[in-house]
Amino acid sequence: MNFSFLARYWPFYLNGAKNTILLAMFSVVLGTAIGLILSLMKLSKHRVPRFIATAYIEFIRGTPLLVQLFIIYYGLQSIGIRFPNVVWLSKLLGISFSDFMAGIVTLGINSGAYVGEIFRAGIQAVDKGQTEAARSLGMSQFMTMRYIVIPQAIRNILPALGNEFVVVIKESSIVSIIGIADLMYRADTVRGNTFQPFEPLIVAAVLYFLMTFPLSKLLAYIERRMRAGDK
Amino acid sequence: MIQTMDLKKDFGKLQVLKGITSSFNQGEVAVIIGPSGSGKSTFLRCLNLLEEPTGGTIIFEGTDITKDGHNLDKHRQKMGMVFQLFNLFPHMTVLKNITLAPMKVRGLSGEEAEAAAITLLRRVGLEEKKDTYPGQLSGGQKQRIAIVRALAMQPDVMLFDEPTSALDPEMVGEVLEVMRGLAAEGMTMIVVTHEMRFARDVGTRVLFMDEGIIAEEGPPAQIFGAPKNPRTREFLQKVL
Amino acid sequence: GGGEEKDTRLDNIRKSGKLVIGTSADYPPYEFHYLKNGQDVIGGFDIAIAEALAKDLGVTLEIKDMQFDGLLAALQAGTIDIVISGMSPTAERRKSVDFSTIYYYATHGVIVRQGDLAKYATVAALKDARLSAQKGTIQVGIAKTQIMGMSEEDAEKAVDVVKEVGSIKNLILDLKNGNVDAIVAELPVAQAYVRANADLGLAAPTFRDDDGGSAIAIKKGNPSLVTAVNTTLERLMAEGKIEEFFAEAQAIQEEQGQ
Amino acid sequence: MNFSFLARYWPFYLNGAKNTILLAMFSVVLGTAIGLILSLMKLSKHRVPRFIATAYIEFIRGTPLLVQLFIIYYGLQSIGIRFPNVVWLSKLLGISFSDFMAGIVTLGINSGAYVGEIFRAGIQAVDKGQTEAARSLGMSQFMTMRYIVIPQAIRNILPALGNEFVVVIKESSIVSIIGIADLMYRADTVRGNTFQPFEPLIVAAVLYFLMTFPLSKLLAYIERRMRAGDK
Amino acid sequence: MIQTMDLKKDFGKLQVLKGITSSFNQGEVAVIIGPSGSGKSTFLRCLNLLEEPTGGTIIFEGTDITKDGHNLDKHRQKMGMVFQLFNLFPHMTVLKNITLAPMKVRGLSGEEAEAAAITLLRRVGLEEKKDTYPGQLSGGQKQRIAIVRALAMQPDVMLFDEPTSALDPEMVGEVLEVMRGLAAEGMTMIVVTHEMRFARDVGTRVLFMDEGIIAEEGPPAQIFGAPKNPRTREFLQKVL
């Protein structure tokens, strides 16, 4: 194996890794917004919002991301949803801002389904006794949610949300297929430029690992600490 | 103070309460005993509508609280509830646990609520724990805090659901002590418990529940001394 | 939106001040990534043509790089204004998009492993090879008709007789790994890969495709854009610029390989 | 939208769906074998196997499947691991058997990491009291595993394993990129043939959903039944 | 029958057993009491080496079982253990729960093991439950089966770790009844329990553990009637 290409191409990887992280970050933010709405819909008393949220979640979780990527990317644009190209942001990113937005929307719509389930589970995991204690003190449903349930749910949700970030970092590699210049795309470019079809992938794998592994260890550590604090 | 008329509760096909008519008066300490699964908890939870009864009525301080549209939260404030598993809020300090509802629901200022909380904490001997989190307390301490939390709403009646059965034996005493104190001060109490000594010593009336009905009731001396119902006798034989 | 357009594309390009082209930049010397002053850029003679076109239209050029088989989808979806990616205007493709005049006729070659060069010296020998080509390209058809000897009709129906993969980089790996025995590619592309990979060689046979050649694809319903594109292409051809661009691209290619 | 292409192309989809299911099935079988070994290594008393298994699992879980696909598919073959092309099987499948095997190996190696964790968690989830009870009756470590722990672990593992099958069905779509003729690949071919960029993907999405959704509902149902039986 | 000499057990930095020297004789019913966390369970679990002691020795029927290389499984067969949470095998019928170890470990045939199991089941009044799964039994029934399962190995001594504290009060009696029967038949028993009545009525000796040592031991009448150690006195005051 020959990794001499790194001397010349490391800025490619650096830029790709930066874009991957930005992409994952904003996707999770969008996914969180979508997920929050979905979870509230799922916990609603009414049938219609519950059905819509369930259908959304089941459909997204039941089909491959690759298919979703194609459908959303080409579909959104063919019904006229297009993202403006903000030039200075494009410069900053080193890739077209409108492409970048399309990537975020695709990943965010996907991630939203998973985050929605994280939220719902996090809220439902709060012991029913907590709600009962609050209600028996005369607190209203809203107060109970606001002061008792949500603050505790957040502790359940945060680690899972961090984990979703790790998952999205990995899954975002798929957007390279439609030409968004993330880490995987850059690695592919290096493969083409150097005519070395294999080694540039190893470098990408190591970089992905360096992004995800410390992060998930950190999350596991925080989770253990939080749980220890409970006792 | 509280009357129930033909109170019924089903879970799906399972009839848990099969029509309970009873009344509880000001200053009474009513102790409910009975085998596991007989519906004791369900009855208590129906009283403050944590469970919605399937049938019957509950009159609390003159109002039928089972009628729709009533201000439930208002009624619940007047009934303090203490749970088997304490249900303290783990993300708040002891003080915050106690002052939250008085501030948000009764609208007390922070100082008022805190002063009241401190007084109550002193009474149960836990003043120095006010800034710790529930996670660092023993079971007995948790339950005493839970009682204080309910008392801070100045309820007219206190409901206890097996308040000592999740405790290590050497902590049972400290909780019963607090409950004895409350009874002595004339608090109206409805207590589900397996502590027969407490029932005998502190109860003004004992109700024996079995399979969703009140099978027998009477003063402790009669129930423990001369139970009429054969089921009561059988039960007492087992647990005493 | 989708469907046909009412000749608005050219106006839109002028209004937005940019021409968005779609291309699959792993096809040297047509289009490829390379390092220019330490920056990753896309170049090639298609790109040079696109730059000339943008200049004629008085707008800036924006390049979208994607898999070849996704290009027409993107054009239909409106993500890009034109496709310029060494694309041949086949009858099938003409059904759904319009094409400019053909600006370049390509010759196609066959990449094989160095050790197999002697074995695959003739078209007849290649018939027994496991053939491959970039997914959705004209070379798939060439492999089926000119090498395997199928009729146009049979070729259209035949599935899985030629291994098709979206990126030629991965096909090169398949070739090296022995998953396939031969890749049909445009001659200059084949030459570039053979130059860069000592274990690969160029088989003797070459092919011409009569309705082949490269043209620019434009969404249907935009006659004025087609006219504008053709004007530029005809000027470039008349001035001999295309050959010039081609030579420049190959020069960059060779320099990159060092 | 125009789905008239289905009249002509439905056999494409059928064949693709069949290959996707076969691919997922064998991948999970291979993944189960790998996962079993990994879990035993992870539960071992010795450091070396524990370290190897942990490294394998962390690396696979820390990098994108797309990267692994390229590395494993091309990498394995470039170190000489190649699968013979069994002609009659190729005919049966409608795709090259050696490609198919390569896809299975790629997905199986990936899935193995996840299955390994499922197994380990399933074994560890068996109440410690069970082991203690067995040991205190004089049963050896091996007997305890064989008669007490493993049979109970299987109940924890089976639903998760079924779920892994659903996940692999979806993730297998990625092998279409390297030219394995699964459902996604066929859908892509239809897109190319019909020049309809969008509708063929919708059909693929629906088919994926029809494969995964009933299966995961069934699994959830079985799991509920099994848990109810415990009480 | 069992002697422990300076038995020690640490969990990391936490010293749980701080050197326990004691001996248990044939036919004795030794009851261990003490506050939560004092190390009662740990001591019991050390006796049959479910926990490996950090120091000291355990002599069982003449052999030092803490020495490496000993056939632990052999010794464990001779010590039956009953757990607080029963630990029945949920995937096997009651009969299979009882016959598994006799067949696999002692090498009995299916018929022999089954015949022995039925006899034992009859003794605890649960013969008709032989083909049901543990999940369908009440807590008291489960614990009785767990005792039978241990007895089926024909142990020389039975260890009980709070066998009734996970039970509903009305089921405590049936389990204690079985234990009383065993004691009456002369089984050697070491019992950790909070059931003071059982300790007083059935125990031949009571050991009070506190903070990892045996703080006091003696006949029940002395321990309950005239405890010498102030900690014993304090503890008994709380729980009685």
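So that you can tell them apart, the chains are marked A, B, C, D and E in the order they are listed, and the count of residues begins at 1 in each.
In this text, contacts are C-beta pairs under 8 Å (C-beta built on N, C-alpha and C of every residue); 3 or more make two chains touch, one makes a residue touch a chain.
Heads up on the chains, UniProt names are A, D = Putative glutamine transport system permease protein GlnP; B, E = Amino acid ABC transporter ATP-binding protein.
A quick note: this is a predicted structure, and the numbers were derived from the prediction, not measured.
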Mind listing the chains that sit against subunit A and also against subunit C?
D
Taking a step as a move to a touching chain, how many steps at least join subunit B to subunit C?
2
Among the chains, which has its CA centre at the largest distance from subunit A's?
E
Distance-maximising chain from subunit B - centres being C-alpha averages:
C
Cα-centroid distance, subunit A relative to subunit E, in whole angstrom:
53
Using mean CA coordinates as chain centres, what's the subunit D-subunit E distance in Å?
46
Distance between the centres, which are taken as Cα means, of subunit D and subunit C, whole angstrom
37
Residues of subunit A that contact two or more other chains, please.
70, 74-75, 78, 177, 197-198
Multi-chain touching residues of subunit C, meaning two or more other chains, are 2, 70, 73-74, 76-77, 166-167, 170, 173, 176
Chains touch in the following pairs A-B, A-C, A-D, B-E, C-D, D-E
Going by the contact rule at the top, pick out the subunit E residues touching subunit D in the complex.
48, 50, 73-74, 76-77, 79-81, 83, 85, 87-91, 100-101, 104-106, 135, 146, 149-150, 153
Contacts from subunit C onto subunit A in the complex sit at residues 1-2, 25-26, 32-35, 38, 40, 62, 64-67, 70, 73-74, 76-79, 166-167, 169-170, 172-173, 176, 193, 196-197, 256-257
Subunit A to subunit D touching residues, read off their complex:
58-59, 61-68, 70-71, 74-75, 78, 170-171, 173-174, 176-177, 184, 187, 197-198, 201-202, 204-205, 208-209, 212-213, 216
Touch list for subunit A against partner subunit B, complex:
127, 129-130, 132-140, 143, 147-148, 151-152, 155, 229-231
Complex interface listing, subunit D residues touching subunit C:
12, 70, 74, 77-78, 82, 94-96, 98-99, 102, 177-179, 181, 188-189, 191-193, 195-198
